[in-house]
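Pasting the structures here.
Same chain, two partners: chain A is paired with chain B first, then with chain C.
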Partner chain A sequence: MIWDAIFQPFADFGFMRRALLGCIAISVGATPVGVFLMLRRMSLTGDAMACAILPGAAVGYLVAGLSLGAMTVGGLIAGMAVALLSGFVSRVTALREDASLAAFYLISLALGVLIISTRGSNVDLMHVLFGTVLALDDAALILLCSIASLSVLTLATLFRPLVLECADPQFLRSVSGLSAVTHFTFLALVVLNLVGGFHALGTLMAVGIMILPAAAARFWAVSIGGLVLVAIVIAMLASLSGLLLSYHYSLPSGPAIILVAGIAYGVSLVLGPSDSLVAQALLRRHFEA
Partner chain B sequence: MGHRAGARMMARRAIFRLLLLGVGPRLAGATLIVAALWAGFFLATSTPGAL
Partner chain C sequence: MNTALAFQNLTLGYDRHPAVHHLQAEIAQGSLTAVVGPNGAGKSTLLKGVIGALEPLEGRVAFGSLSRKDIANLPQQSDIDRTFPLSVVDLVAMGLWREIGPFGWLGRERRARVDAAIAAVGLTGFESRPIGSLSGGQMQRALFARLLLQDARLVLLDEPFTAIDARTAADLIDVVRRWHGEGRTVLAVLHDVETVRMHFPETLLLARKLVAYGPTEQVLTAENQFRARQLCEACAGPPHVCGRSAT
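Here is the complex of A and B:
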């Protein structure tokens, strides 16, 4: 019974194994990046960047159709361009970075949807917006595993500067030249993981697997290492459960995965041992007694 | 002047070393994760399945 429900789909179907591996690669690579985005109070920046890669991917689609390479390069260029341009505008004008980023990402989203809609079909638009996690081929899996590998190795190397950048960026800037390197490497990792995630979950859903497990982990762990570990485990469980739900009940896979991650966030918000609603209520009762 | 620049350089090098503290074990752990991921890739793409 349990074998049939949980293991049979992956044992029988190659596309399910590929989907699971793709989601695990995204969980390992993108979720730790999401933890650092959350710690740096940049969660919505991730969402904005996810939409920012759309026109680049759309131009790649115009040039070479549904080509993995063209859409990846286009998305990378567009994402980095929006990140740098919004930073530049906020430095040379009175506009703050969040406002300029919001302006650029709205323009990017509209431009991307316009390009795909005028030249492609609705199916193509759905593919770009919501991904095709059940149709990952070898090339897409190699891309996802490569991005995850690069992310894990880079985060392991820059862990301490990144933690310091979250806690006290002014201090890191004053004592070391690593501040700028860390910041731009981190931005590149955000864009890279969103571009990888976009092939599986689409531009609108890719940021979900990055931020939701990180937000849920906040209610289970206190240390940054613990946050990263719990977030990865939640993302993997959400991927597994979402894929199984989509298999057994014929649901769209990407939204199913993100919704399970959302349920994990809801449960953590209420029941988690650290700063959750129940934990705070218990603490209040303890002090009142 | 040169002495002060040298001292500043020494301080920056010490901070750089502090920032890289523990990078060896972290990289070793990361390498293990990467190896497991690629093993999963070969397992998922080489095992035959219905589709």
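Here is the complex of A and C:
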């Protein structure tokens, strides 16, 4: 019974195993980035960047069809361009980073939708927006795993400056020239993971696996390491259950995965041990002064 | 006398409006100087000019025997995210950045120095508390501990004793006096004239332009303070280009 429900689909079908591997790679790579986005109060930046990579992917699609390489490179270029332009504008003018990012990603999004709708069919648009996690080939899997590895290694290398850049950017700027490097490398990681994620989950859903587990982890862990670990576990469990749900009930897999992650967030929000609704209601007894 | 810092015809400002106007002064190495003046006198702006966060509209800040690397700065409003999951130890240990950089190992010896700095500001027992649970005064103590570890030859403090109680202020003034004893140069923006008279040998009285600079008792006369207030009130009205502006 349990075998049938949980293991049979993966034992029988290669595409399910590939989908699971792809999602695990995304969970390992993207969720730690999501944790730092949350800690930097930049959760919505992930959303903006996801929209920003659309025209690049679209141009890649126009040039080479549904080609992994072309769409990846296109998405990376568009995402980096928006990140750098908005960072540049906010550093040299009075406009704040959120406003300049909003401006550039909206331009980028409009451009992307325009390109796709003039040249492609609606099916293509659906591919780009919602991904094809059940049709990941070897190249796509290698790409996802490479991005996850690169992402984890970069975060490990950049950990200390990144924590300082989040907690006390003024101080980091005063003692080190790494502030700008850290900021832009981090944005590059966001773009990279979103571009990887959109092959499996689509540009819109890729943000979900980045942000939802991180937000849920906030109710379970306090330290940064704890947050990252919990977020990765939640993302993996959501991937597994989402894929199974989509298999058994013929649901689109990307949204199924993200919805399970959303349920995990809802449960954590209510029941998590750290500062959740129930924790606040139950743990009323305070310490001695 | 060795010069730590020289303000050479320094004009700093925002959007062409000067906040510090043609300032000429030299800060001696090892001196303990209070920067005093009414609100809007350009005190914080001056410190921003020293750390290089604000480019001069004219003139320059010259570093005698020091460089910008030798500065430790405590801003008036630090933009520390108090909700960030950091403990007091994490925060204070940041002061060792120049020593250990992004990859260096904290180790037992440095950890002992972190604990010593925490003890020096009276926060022993708070090591593993999250910074979000600290009071304003405790946070200021922790930031002073971080400054201690920065081991800087020039320490800039922007209103370090504002909004903290007398006991905490007294403890932190002891830290400042210790720096002075160790031959470090300290430049502190202060409001409380009594604190300045009691603990700061030198005072720089600012009202956009320099009003007076020298030994505290000669600078903080009633006449000088009155003049500083007048200068700061007299600058409303339509802007016109300064006759001494070089460009």
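Here, the second predicted complex is superposed on the first by the 279 of 289 C-alpha atoms of A that agree within 3 Å, B and C clash if a C-alpha of one lies under 4 Å from a C-alpha of the other, contacts with A are read in each partner's own complex, and residues count from 1 in each chain.
By definition in this document, a contact is a pair of C-beta atoms (placed from the backbone, for glycine too) under 8 Å apart; a residue touches a chain by one contact, two chains touch by 3 or more.
The model shown is predicted, which means the values in this text are computed figures rather than measured ones.
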Chain C versus chain B on the shared chain A, clash or fit after superposition: clash
Is A:Ser149 touching the first partner chain B, the second partner chain C, both, or neither of them? first
Tell me the contact category for A:Pro169 with respect to chain B and chain C: first, second, both or neither. second
Could you tell me if A:Leu39 is touching chain B, chain C, both of them or neither one (first, second, both, neither)? second
Where does A:Val28 make contact in the superposed view: on chain B (first), on chain C (second), on both, or on neither? first
Check whether A:Leu178 is in contact with chain B, with chain C, with both or with neither, and answer first, second, both or neither. both
Contacts of A:Arg17 with chain B and chain C, given as first, second, both or neither: first
Of the two partner chains, chain B (first) and chain C (second), which one does A:Arg160 touch, if any: first, second, both, or neither? both
A:Val228 in the overlay: touching chain B, chain C, both, or neither? Say first, second, both or neither. neither
Of the two partners chain B and chain C, more of chain A gets touched by chain B
For the superposed three-chain model, which listed region of chain C (7-15, 25-33, 97-105 or 133-141) is the one that clashes with chain B? 97-105
Interface residues of chain A shared between complexes with chain B and chain C: 157, 160-161, 164, 175-176, 178
Interfacial residue positions of chain B with respect to chain A in the complex: 12, 15-16, 18-23, 26-27, 29-31, 33-34, 37-38, 40-41, 43-45, 47-51
Under the definition above, what is the set of chain C residues touching chain A in their complex? 51, 71-73, 75, 78-81, 84-86, 91, 94, 97-98, 101-103, 130, 146, 150
Which part of chain A faces chain C closely enough to touch in the complex? 39, 41, 157-158, 160-161, 163-164, 166-172, 174-176, 178, 222-224, 227
Inside the complex, what are the residues of chain A that reach chain B? 11-18, 20-21, 24-25, 28, 138, 141-142, 145, 148-149, 152-153, 155-157, 159-161, 164, 175-178
